[in-house]
Amino acid sequence: MSLIELSRKKSPWVIHVGTGGCNGCDLEILACLTPRFDASRFGVMSTGNPKHADIMLVVGPVTLKYKEIITNLYNQMPDPKVVIAVGTCASTGGIYQGCYGHCGSLDKVVPVDVYIPGCNVRPEAVIDGLVLGLDILNEKERKILEEKKKSKGAA
Amino acid sequence: MLKILANIGKNLISKPYTSNYPFTPYQHFPGVRADVTFDGTKCILCGLCQRSCPAECILIHKEQEQIEYLNTQCIRCGYCVRVCPTNAISQNEVYTKPSRQRLTVYTKVTNENAPVIKKRMAAEAAKKAAAEKPATAGTGPAKPAGEKKVDEKKTSA
Amino acid sequence: MKTTIQFGPQHPVWVEPLRLKLTMDGEIVKDCELEAGFCHRGLEKKFEWDYNKGAYLSERICGICTQHHSTCYCTAVEGTMGLEIPRRAAVIRTIMLELERLHSHLLAIGLTLESIGFENLFMLCFRNREIVLDMFERTTGNRVLHGINIVGGVIRNIGPEMAKELEDFCDIMEKRCLDLKDMILKSYTIRERMQGVGVMSEQLARDLCVVGPVARGSNVPYDIRAVAPYVLYNEIKVKPIVETSGDCWARSVVRVRELFQSIDIIRQCIPLLADAGEDIFAKSKTLPEKEYFTRVEAPRGELFYYAKGKKSKEMDRIKVRTSTYGNGPGFVPLIKGSHLADVGLITITFDPCIGCFDR
Amino acid sequence: MDVKTVTQQEMQDVARRLRAAGTRLITIVGYDSGDTIQVSYFFQPFPEGKAETYRVVVPKHGGNEEVESITPIFPAAYIAENELAEMFGVHVKGVPGRFFLHESINAPLRRKAP
């Protein structure tokens, strides 16, 4: 295990993106990072910069105006990256089904790895989702390393 | 200064405030709202929950005699529990675990008092009575009762 | 030399998306342009819907003031039907409203402190907030979106045991809030950072018709609980809390002082539960047909719902005017002429809720 | 809820009178009844008094309706008038008329004439 892989496993940095739901799940993510459900125990740190982030936590249905921005954020994140749809709205659209102002669930815009159902999600569920997201992150990392080895061997 | 010392002493003795969640079991208060479960032995397939659900997450298939519940789309409001005339819907207290796919739960309805099933059984009985000789084929649908199944939702909203 | 800075939509200060286009001259903001609509989902169209489902939809306009939204919606729809809710339901609604004000103000104070880099007190605010959320989980069944308000009353009762627990909760909360108040008001650092920043004069506050703690921080005693009393505020008299200086400090102090006001109101409500009758739900015999409007004092200010029925289960028109909608025009004149470092602080003391603003 | 129906010109005078008396503007509500667009103005006298409602009825002319702006009198009306313009597809004089909506959506709350 390389040093980078180890550090990534031990300390994933998350970026929190609110795309226009109610703020319920936003608050629960904040509650996750604060004393009661301290996610920093696993080295999770919230960052405002997508270029430093490994995991993207997305809240809310993707509104039409935000569609472009969230693809930009996704493209700015370095590989390997994991997208977690937090809450019902981000996963499927939830109660906002059929509103004209948004383009439905998150997976129509960017590929989603983990769905956390719940309206609003409990902080425990967010922690569970982060743990599941870490596994996926490691899988992706390994895949990238194998591909690199293969290309090196071919050369 | 003395106050600070007292505070430090108190904090040294007291337990940590942080809940140790993934290593200790999940704790909650009674009456917490989470996803719902359908009781196939009580449901009469009236379709009231489907019409009243704000998030359109319950689909009643009358022909297949089963209830499709889109767990990921449910908003846990509990309105279906209140409107159900036969108390066939109950609300769980433990949240749904995160998953890699969207969750859909199918419930098979086996209540013999449901009008649709009564009609079918009456029709079957009539068929049986009308044609005694040819053996009737099994008409039961493929999925057994209460089976949980994970699959991708096919149609988009 | 003039430069243009895009502040947002994804910015660490705000949880939610909002864009400010700042034209800078050195460190000073010369011009500011507000762009909203990143959260616009089109809920007013969606509200042309079954009025029972609308209560759940109105809750999901904003996750921080859910109870205020659904109370306001339910009162408006009850008005169109001419329905009066039972007294016990009114008491329960009032308790929930005040609990929600507590948690919203703690959140706002915490975020303000975080934006000036005071992480410790931010964590302490959130720690205190968790007690309120626990109380919510016990009484309503969910931490943030409560879902107990329906048209005609509430669906969960507060029994005598829960009332006793609420009393204990008030004692604990008051103690913790006193600690918090001491720490904030006596802190030299916080005062020096926030005093004199983003001053909104009384005249400007009156001109722009700002609402809530923003108006009360600028010496405008505008509080719907006192001006146009709703549910139980006819009996429980509320005196608006006013600060005179109108800067970021004044707005924060108003919020700190309102914590104690809320605790006091909850204390006054608990004895009313004992002799309030057993009914918590009144079934309506008519369908919504008239037009009606209600106002509620949400944690961020005045919240307005206009409802119009058409003698069927579907509503004809629901208009939502939220408190950030009223405070929105106030951003721009305050930001003009301030330093770039203060932009985040000024906007966060308005306690912006973009989910409300855009709907 | 009692509503006073006024013409557009009277509304300007009413707004000026209320502004001089220190009244607060709550909001502007639009409503499409099919063949007319009703614009209701809600005011709250301050520090005390009952809320007042004034209504202007604008007949529909296929998207060319014009509403007089009260933003010069009440600066607080800016967002509300923008919203009125973009939601109902009317022209409010002197406001840009696009604040919340994405470019691809036009006048979502406007109904078809019966």
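Each chain carries a letter (A, B, C and D) given by its place in the written order, and its residues are counted from 1.
By our rule, contacts are C-beta pairs under 8 Å (C-beta built on N, C-alpha and C of every residue); 3 or more make two chains touch, one makes a residue touch a chain.
Owing to the predicted nature of the structure, the values given are computational and were not obtained by experimental measurement.
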item	value
Pair of chains whose C-beta contact count is the highest in the structure	A-C
Separation of mean Cα positions, subunit D and subunit B [Å, integer]	46
Subunit A-subunit C separation of Cα centroids, rounded to whole Å	29
Rounded Å distance, subunit A centre to subunit D centre (Cα mean)	42
Cα-centroid distance, subunit C relative to subunit D, in whole angstrom	25
Residues within subunit B bordering two or more other chains	17, 54, 75-77
Residues of subunit A engaged with two or more neighbouring chains	35-36, 63-65, 94-95, 98, 100-101, 119, 122
Multi-partner residues of subunit C (at least 2 other chains)	37, 40, 42, 45, 56-57, 60, 127, 142, 358
Every chain pair in contact, whichever chains are involved	A-B, A-C, A-D, B-C, C-D
Residue numbers on subunit B that touch subunit A, as the complex places them	17-19, 21-22, 26, 34-35, 54-56, 70-77, 95-103, 153, 156-157
Residue ranges of subunit A in contact with subunit C within the complex	16-28, 30-31, 34-36, 48, 50, 60-61, 63-66, 69, 73, 94-96, 98-102, 119-120, 122
Interfacial residue positions of subunit B with respect to subunit C in the complex	17, 28-29, 31-33, 52, 54, 75-79, 82
Parts of subunit D lying in touch with subunit A, wherever the complex brings them together	101-102, 104-105, 108
Complex contacts: residues of subunit D adjacent to subunit C	1, 22, 24-27, 29-31, 40, 42, 44, 46-48, 50-51, 53, 74-76, 78-80, 87, 99-102, 105, 108-109
